[in-house]
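Below you'll find the structures, each written out as structure tokens.
In the two assemblies presented below, chain A is common to both, partnered first by chain B and then by chain C.
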Partner chain A sequence: MNIVVAVKQVPDLIEELEINEEGTGLDPDVLSFVLNEFDDHALEEALLLKEEAGATVTVVGVDTTGELDQALYTAIAKGADKAVKIVGDFEEGERMPTPIMARLLADAIREMDYDLVFVGVQAADDLDGQVAPMLAALLGLPHVGVVVGVEKADGAVKVHKEFWGGITADVLVETPAVLGIQAARQAPRYAPVSRVRQAMKEATIEEIEVDDLPEAPDASVCRMFIPEATGRAEMLEGDEEAVAGKIVEILKERGLV
Partner chain B sequence: MLTLPERIAFVLLAVVCVAIAARGFYRIYRAITRGEGSIPFHLFARRVVPVSIEILVQKPVMKARPVVSVFHAFVFFAFTFYTLVNIFDLAEGFVGFTTLHRGGLWALYNLIADLISVAGLVGMAALLIRRFGLKPFRFNDNVFLNPHVPEGIPRDSLIVGVFILLHVGSRWLGQAFRIAASGQPDWSQPTASVVSMALAGLSEGALTFGEHATWWLALGLILLFLPYFPYSKHIHLMIAPLNWILRDPEKPLGQLDPPTKNGEGAAHLHELRWFQLLDTYACIMCLRCQDVCPAHNTAQPLSPAALEINKRYFLNEHLGEFAAGTLNPPPLLEMAISKEAVWACTTCGACVDICPTGNRPMVDIVDIRRHLVYAGDELDPNLQDALESLMRQGNSFNKPARRRARWAKKLDFPIKDARKEPVEYLWFVGDFASYDPRMQENTKTVAQLFHQAGLDFGLLYEGERNSGNDVRRVGEEGLFEMLVEHNMKELGKAQFKAIVTTDPHTYNALKNEYRAYGLDVPVYHYTEVLADLIESGRLKVNGRLSNLVATYHDPCYLGRYNRVTEAPRRILRALGVDFREMPRHGVNTFCCGAGGGRIWMDTATGERPSEQRIKEAASLGDDLKYFVVACPKDMAMYSDAVKTAGYEGKIEVVDIAQLVARAVEREAHEQPQPA
Partner chain C sequence: MSTYFVIAEHLQGALTETTFETLGAARALADATGGEVVGVLLGHGVQDMAGQLAAADRVLVADHPALEHFTPEAYNAALEPLLQEHQPRLTLFQNTAIGMDLAAYLAARLNWPLIAYCNGLRAEDGAIVTTSQIYGGKVFAECRLPEGPGMVTVLAGAFPAEAGQAGDAPRVETVSVSLDGLRTRFEELHEPEAEDVDITKADVIVAVGRGIQSEDNLELAEELAQALGGVVAASRPIVDAGWLPRMRQVGKSGQKVKPKLYLALGISGAPEHVEGMKDSELIIAVNTDPNAPIFDVAHYGVVADLFDVAEALLERLED
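Showing the complex of A and B:
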């Protein structure tokens, strides 16, 4: 079984984010980038499947930050077999519109030997959730989103998926298929630095050059806002009994108990 | 003198027993050489005399349990002197040579032998009574033990104890028979002579039989014991001195070796280093290490002794195959120590420091952690978060690297950037002192004091990263190296004469670990610098805090690892506080539970070492008000412990710098105002 995991990097939220001069996006000068958390889970689920059922895991991403190598080497250190990055004349540090990213990924993946494509269900920088369905459409494959576990079945995979309201379901999908991963069955593993360094020394990242960006319809941001801090905290005064009483009151009032 | 058949029998017995024992010893040697690294035999010449002297005065044993140690010393002196006694007795048996002279040097020899025999018998009897009467040797129920240990240790103790009693007792009794046979008491052998009087009525034949029987019990028993030696803890009498001799005295406890096997750490017995295999033969199973272990003391499944004992029992059971290399031993986690125990270690170093036989179980634990990290074993989620943050930002707080020196902006004076202008002291602040909001106030106080004293100091600002001390002890060697490389690069950009640091863990790393990476400047803890500033008069305090009742907690990485115990006490004396010492202090301090990366892990249930420590402080008197610390991690640990142990409002945890600042302020207020 061959699993392709598509990844991207997003701005690290530990930094204080600033809006660029035009007011339409984040200022790339103060940004540092981390692997999208959901993609980390997608990779973890792929690695778990590899350990259980045997698989080759290929990680692929569009290098929009100039720093994707770090994420790819980390993926290899964790157990991925191969890493591919798509490079071109992209605006470094700027968010790439989803339709374009999906097309670039689809073009790359089409050339690969794959049974499953795992994509993080969404990413912090756009909360768009479109890469997986778009990839499925472009590749002409079935798609299941909000997946929280994948199991190998004969010529197919059994996918555990979440619905709204806490309902879950097991879904059988014929392979090849594209899955939007919400969470792996366990927390993404730690990549020891010595293994990452070993990967940097020994592994090679395959590069795919893109000359022209594909044409794709997209929306554009008019203005971006940073949340303003508001003082909504209410301090409860009094002894333990009184405070506990007030908490119960508030919870009841809001219909939470 | 023995009869001819006796002599033949003895020689035959000797040949058989020595051959069997030799095979055992050779296997032990082979087993030890299966460990990683090569044995530094070159240390032998240099170390044998100083180590022998230390052992002759029983220094390693006397570090704890004074009464028991005295009894041990009795047995030790008897056994040591008996080397000589046995040689002479052998000669008496075989060539008719005799030591029964009643004057000159022989009388002195006989006197010493006589008295030392009694001392040895008393010592051994006392140790046996303690072991089997008082039963002090217990592991807590959570500790992983080889199933044969519970009955194996008492059996071994009994065999060894009875052997010593019979060996020494028979020789002593033998002298009584000989004195009785000679017809008159020999007052150079007073105790044997007293016994001889009771034997005086026996027939000549009975006396001769007694002489022969006791000779055989004294010397024949040694032969019989020899084959058992390699399997007994009694082998400590050879391996423990060897363990001390083969240790490089210049290498501090605070400097770890890089992992073996290209960074993979130790998963199996033979992947440990040679000395970690030697350790298991040196171990006398006294359990002193677990007595001082903060994890074992709080019912965690860790006992450093059990680790060594389990290794030993495995080797006892599989020595031949292991030595020959035909056996691949099971993982250490299945035969020596549980994973929970491996992660419970605070690397406080107490086990290593207390061990009378020179063992370093903590090093095993770090090597096993290295394996777990390298092999991708699931980590405690909080630990993983901390490591990932350290990797990306160089601090464990998941805060941006460039915000490290933010606290300095709130001072009303600028601190030099040591990368831009030369300074005398480079202040390597450390993570907790830089990022923890509870500690930043104190960091500012230290800066104030340095500034007030006119100290020429500067920072690396955002260039500083976590020193990696605890990262290395968690077993994440790659990340440790990455942090060291970064810090060495930044230090290379700065000009300074010495380093001062607020954090004992950082202090240890910079002083001991960074040497291997080329750092060669004096490193000081801030208490050392403050003590000097006070004593030289650059900070004026003059014993102003005499109404303050306080105790001081020595941080492991300062007090035990680096023997810095006086500087903080010098400060407290200068401040004039009413100072009280906790029972466990100085190099024998008790860990707060935060070391070795434990501060990043979810603490297990049950009492914490820090809570135990606060209770220890509280036992010093109801009027004890201040629990003085000199480590930012201690501040975090004990501020919590005071609350959880129910001493909030009674005991206040305070950094030593706060007290200095208070005394300095008072001094400033009390100075006569200019007219």
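Showing the complex of A and C:
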């Protein structure tokens, strides 16, 4: 079984975000990037299947940050067999619209030998739709999203899809198929730094160079902004003793203690 | 005349609250632009539900055994020709475990623009201007959907449901669908396992997020909850890590709660979490990040280390 895992990097949301001068996106100069957490789950689920049923795991991504190598070597250190990066004249650090990224990924994956394509169910920056369903549409494959577990079956996979309120469903999907992974069956593993270093020394990342960006429908972003402090919480100031005192006051007023 | 399609969602025989919220949003757009709202209901034996989509002018019902339970493939196969034929100005989906599986797929198939995570919609000089909440709720993006068909997925809780429930019985029309060669088969629905603690019934919830750092630290939250006469709940990553049972999860894929007190410790306030707790009577949030979006829904906020505050609070309560 061959599993392709499509990954992307997103701004680290723990850091303070700034809007660019044009007011149309984040300022790439102040951003640091991390692997989309749901892509990390997608990789984990692929590695679990590899361990259980045997599989070759290929990680692929569009290098929109100039730093994708880090994520790809880490994936190899965790147990992926192969890494591919799609490079081109992209605006480094800028958000790539999902329809464009999905088309670049589809063109690359179409040439690969695969049974399953795993993608994180969503990413913090996919303003214009999620990658997995678009990829499925472009590859002409069935798709299930919000997946929290995958089991190998005969010529198919049985996936556990989540709805809400704790309700889930078992769905049988013939392979090849694209799955949008919400959570792997276990927390994503860590790769020790020594292994990542080893991967950097020993593994090679295959490069696919693209000349022109594909055409895709566009809903232009006219403005990006950080919401103003309207309707925000009343902030309680002081050291923890003072704050605890204020909280107890508030609770007393409401008869909660 | 502009046509606004609303893709209705239902699970276990009932239309969802978000369906009505989205329907209300479509109604407002249609009223502003002189357009028509068309509800689209897919399922098997769902005729009776169609009449509930009161804010729609018309409801198209596609009835087929393969649509009885939701699978993305069957729903998409039924929707694609329908959208292709009608070319609605805007098709509104919900940003849910159902709508997310449909909108992006159909957008790529039909080559139409799509805006996700939408919490604001208005018509302006022939364009539709959307507002979306992205980057975990930290940033808003305004986009313009140009002339011609487009799509949005609407965040739960962004619009009032009442507006979607008001109106006369819509005209119901049946559309035929052919669904052959499906590669996806629905097998079984699972209800969550019952748990001793029902967080939806608790008056006081101490909710912990990734800021709690380790499973051992849950004890502090548990002590605090006990001192307040409440229960411990959590954001999704805590449950995914296996530190608490699934039924303790608050949010989009977890439970919706409305306690008298929701104390959020080390939770960033991603839209998927906020969806499940924003209607709490009193929300107090503790977070080290002054820009955490949780402070946009909290009534009171504290920028501090949750451990310092939790311990100080515990001491006071025990006095």
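Rule of thumb we're sticking to: the second predicted complex is superposed on the first by the 223 of 257 C-alpha atoms of A that agree within 3 Å, B and C clash if a C-alpha of one lies under 4 Å from a C-alpha of the other, contacts with A are read in each partner's own complex, and residues count from 1 in each chain.
In this text, a residue touches a chain if its C-beta (ideal position, glycine included) is under 8 Å from a C-beta of that chain, and two chains touch if they have at least 3 such contacts.
Everything numeric in this text was worked out from a predicted model, so none of it was measured.
Once the two complexes are overlaid on the shared chain, A:Ile14 sits against chain B and chain C alike. In the superposed pair of complexes, A:Val243 makes contact with chain C only, with no contact to chain B. When the two complexes are overlaid on their common chain A, residue A:Val144 makes contact with chain C while staying clear of chain B. Residue contacts after overlaying the shared chain place A:Ala187 against chain B and chain C alike.
Taking chain A as the reference chain, the count of touched residues is higher for C when chain B and chain C are set side by side. When the two complexes are overlaid on their common chain A, residue A:Arg197 makes contact with chain B while staying clear of chain C. Look at A:Arg223: by the touch rule set out above, it reaches chain C but stays clear of chain B. Of the two partner chains, chain C is the only one touched by A:Val171; chain B is not. In the superposition on chain A, the residues of chain A touched by chain B in one structure and by chain C in the other are 14, 16, 186-187.
Here chain B touches chain A in the complex through residues 263, 373-374, 376, 378-379, 381, 384, 387-388, 391-393, 398-400, 476-479, 481-482, going by the rule given at the top. Of all the residues in chain C, the ones that touch chain A in their complex are 11-12, 69-73, 96-98, 100-109, 111-117, 129-130, 132, 134-136, 138-146, 150, 153, 182-192, 203-204, 228, 236, 240-242, 246-247, 249, 252-256, 260-261, 268, 282-285, 289, 291, 293, 295-305, 308-309, 311-313, 315-317.
Touching chain B in their complex are the following residues of chain A: 12, 14-16, 32, 34, 78-79, 186-187, 189-190, 192-197.
Residues of chain A that touch chain C in their complex: 11, 13-14, 16-17, 19, 26, 98-99, 102, 121-122, 124-134, 136-138, 142-146, 158, 161-174, 177, 180, 182-183, 186-187, 216-227, 231-236, 240-241, 243-245, 247-248, 250-251, 254, 256-257.
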